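You will see two complexes here that share chain A, one where it goes with chain B and one where it goes with chain C.
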Partner chain A sequence: MAERPEDLNLPNAVITRIIKEALPDGVNVSKEARKAISQAASIFVLYATSCANNFAMKAKRKTLNAGDVMSAMEEMEFERFLQPLRQALEAYKKGQKGKKEASEQKRKEKKNITDENDKSRDEEEDEHMDDEQEGENEGEEEDAWS
Partner chain B sequence: MPGQKRKYNVRFPPGRIKKIMQKDTEVGRIASAVPIIISKALEMFLRSFLTMTCKITQSRNSRVMSINHMKQCIHSEKLFDFLKDLADQASTASTSECKCQSHFYSIICENAQVPGKKMKADTVPL
Partner chain C sequence: MAATAPVAPAESELDRSGAEDEPRSAEPEEDAGNGQTGPTAGAQQQQHRLAKLPLSRIKALMKADPDVSLASQESVFIIAKATELFVEMIAKDALVYAQQGKRKTLQRKDLDNAIEAIDEFAFLEGTLD
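And now, the complex of A and B:
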């Protein structure tokens, strides 16, 4: 299995920023320590995944969901993460809902505009306006997440 | 996933997180919210880990956080037991010999074997 090494590394830029924000001014991190932090991050993801997946399997589900992750955090003794994680989840859900409503709204508006154009051109000959309307595909598709 | 503007972007790319998660062969499908939650949890974990290690760094009157400080932190906190392999192996120059107790570090080891090659900035598209 030829795997690219970057596949398991998280972006250095993000890690660096977190390091910067977590440490007081004047404290630096050695190169080796930086690498170890990046590895620790990947290990954390794997460990959390494994834990979460156990909960999903116990519940006979094939899809890992956010609840499983929450249970995993408890198991890993990171209970104090739960509250902020729930907030993050709520924010994400709202965002998704907002996006969906926004694109549905756009779709509605587009249709209304084309409908109005239709009406105003009623006296004129353009029957092919109908074709235009029908030809209008669903250009805006939602992200098909797993 | 575009659209979320924060002042400081400490969000990990969901696609990358998902890739790492799928290294676990027992994992099937993953709900879209999951990489988002994991990213947040990861951020919090790193902050905790760094803060606690920093205390050790400062207690030793050092201005540079080193592997040794991290090792000490890992060994002194039950919370970081899952990082024990990392602590034991981190100071070895090569990762080719990996006597790992925990499964997770061995996965990292396997994928880290690029002798002599420098890793450039990550440009893996989502």
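And now, the complex of A and C:
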């Protein structure tokens, strides 16, 4: 069954929740309206992607990055999104970095434990993660788009 | 003294195709607690609690564009976020028309009116079923 890209729907429950949270209490949304909004959202993704990809291609990059998306938003006249998107991106990057460090730490510890097991099985496993220094955005992402 | 070496900037994931199958999915993900039905384990894009829309679905949409080769994980996230903002915006703008019609229920025609009236939504004209 060949699917058109627009048929890739976003989950109804999530779309509905976003709509409800945006509207005041007591307002209802018809099924048709919800469906149309969901479809519009999919089209938005396609359009934004295409737009962002143009910026990437202009810069001779094969990989679409966050800066391209920001440029796309401006191009699409959604400047009002830029500020909240920047904030969200910062929070996201921090979260990702934390996860990366955490899993690297775990990998190190696993390796240590494996090594130690070879030596002696009585060692207490120091499973606890050392307090990781929250390097505040040490590897700060280049602000391609300020 | 546990400071791990600073992690390479996030953009180093550039060349992983959209970072879909991140090895670090070994980490138990903090509960996103949203309506996402996808499995938490395995290759699914990790749902970050900052985005309500599932990144895997967003990414699938992005990949539908034949001109798109790779997309950084951040770009997928930002598009997800932007889409959420878009939904909020169009719902609110459509509501104005419902209110004009003294209705408390948003209807399809309110959407159509908003799309016609508002410049930012021009790209939607003629696209909805």
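The working rule: the second predicted complex is superposed on the first by the 105 of 146 C-alpha atoms of A that agree within 3 Å, B and C clash if a C-alpha of one lies under 4 Å from a C-alpha of the other, contacts with A are read in each partner's own complex, and residues count from 1 in each chain.
Definition applied: a contact is a pair of C-beta atoms (placed from the backbone, for glycine too) under 8 Å apart; a residue touches a chain by one contact, two chains touch by 3 or more.
Quantities reported herein were computed from a predicted structural model and do not represent experimental measurements.
Chemist: Just from the overlay, do chain B and chain C fit on chain A, or is there a clash?
Modeler: With chain A aligned, chain B runs into chain C, so clash.
Chemist: Mind working out whether A:85 is in touch with chain B, chain C, both or neither, as first, second, both or neither?
Modeler: A:85 contacts both chain B and chain C.
Chemist: Taking the superposition on A as described, I'd like to know which of chain B and chain C A:100 touches: first, second, both or neither.
Modeler: A:100: touches chain C, not chain B.
Chemist: Applying the touch criterion given at the start, work out whether A:17 contacts chain B, chain C, both or neither, answering first, second, both or neither.
Modeler: both
Chemist: Answer with first, second, both or neither: which of chain B and chain C does A:66 touch in the superposed model?
Modeler: After superposition on chain A, A:66 lies in contact with both partners, chain B and chain C.
Chemist: Per the definitions at the top, what is the overlap between the chain A residues touching chain B and those touching chain C?
Modeler: 5-6, 8, 10-11, 13-15, 17-19, 21-23, 26-30, 32-33, 36-37, 39-50, 52-53, 57, 62-66, 68-70, 73, 76-78, 81, 84-85, 88-89, 92-93, 95-96, 99
Chemist: Which of the residues in chain A come into contact with chain B in the complex?
Modeler: For this pair, the touching residues of chain A are 3-15, 17-19, 21-24, 26-30, 32-33, 36-37, 39-50, 52-53, 56-57, 62-66, 68-70, 73, 76-78, 81, 84-85, 88-89, 92-93, 95-96, 99, 143, 145-146.
Chemist: For the complex, give me every residue of chain B touching chain A.
Modeler: Chain B residues touching chain A: 3-4, 8-13, 16-17, 19-21, 23-24, 26-34, 36-38, 40-47, 49-51, 54, 57-58, 63-67, 69-70, 78-79, 82-83, 86, 90-91, 103-105, 107-108, 110-114, 117, 119, 121-122, 124.
Chemist: Could you please specify the touching residues of chain C with respect to chain A in the complex?
Modeler: 2-4, 6-11, 14-15, 23-24, 26-27, 34-37, 48, 50-54, 57-58, 60-62, 64-65, 67-75, 77-79, 81-92, 94-95, 98, 104-108, 110-111, 115, 119-121, 123-124, 127-129
Chemist: Where on chain A is chain C touching in the complex?
Modeler: 5-6, 8, 10-11, 13-15, 17-19, 21-23, 26-30, 32-33, 35-37, 39-50, 52-53, 57, 62-66, 68-70, 73, 76-78, 80-81, 84-85, 88-89, 91-93, 95-97, 99-106, 108, 129-133, 135, 138-142
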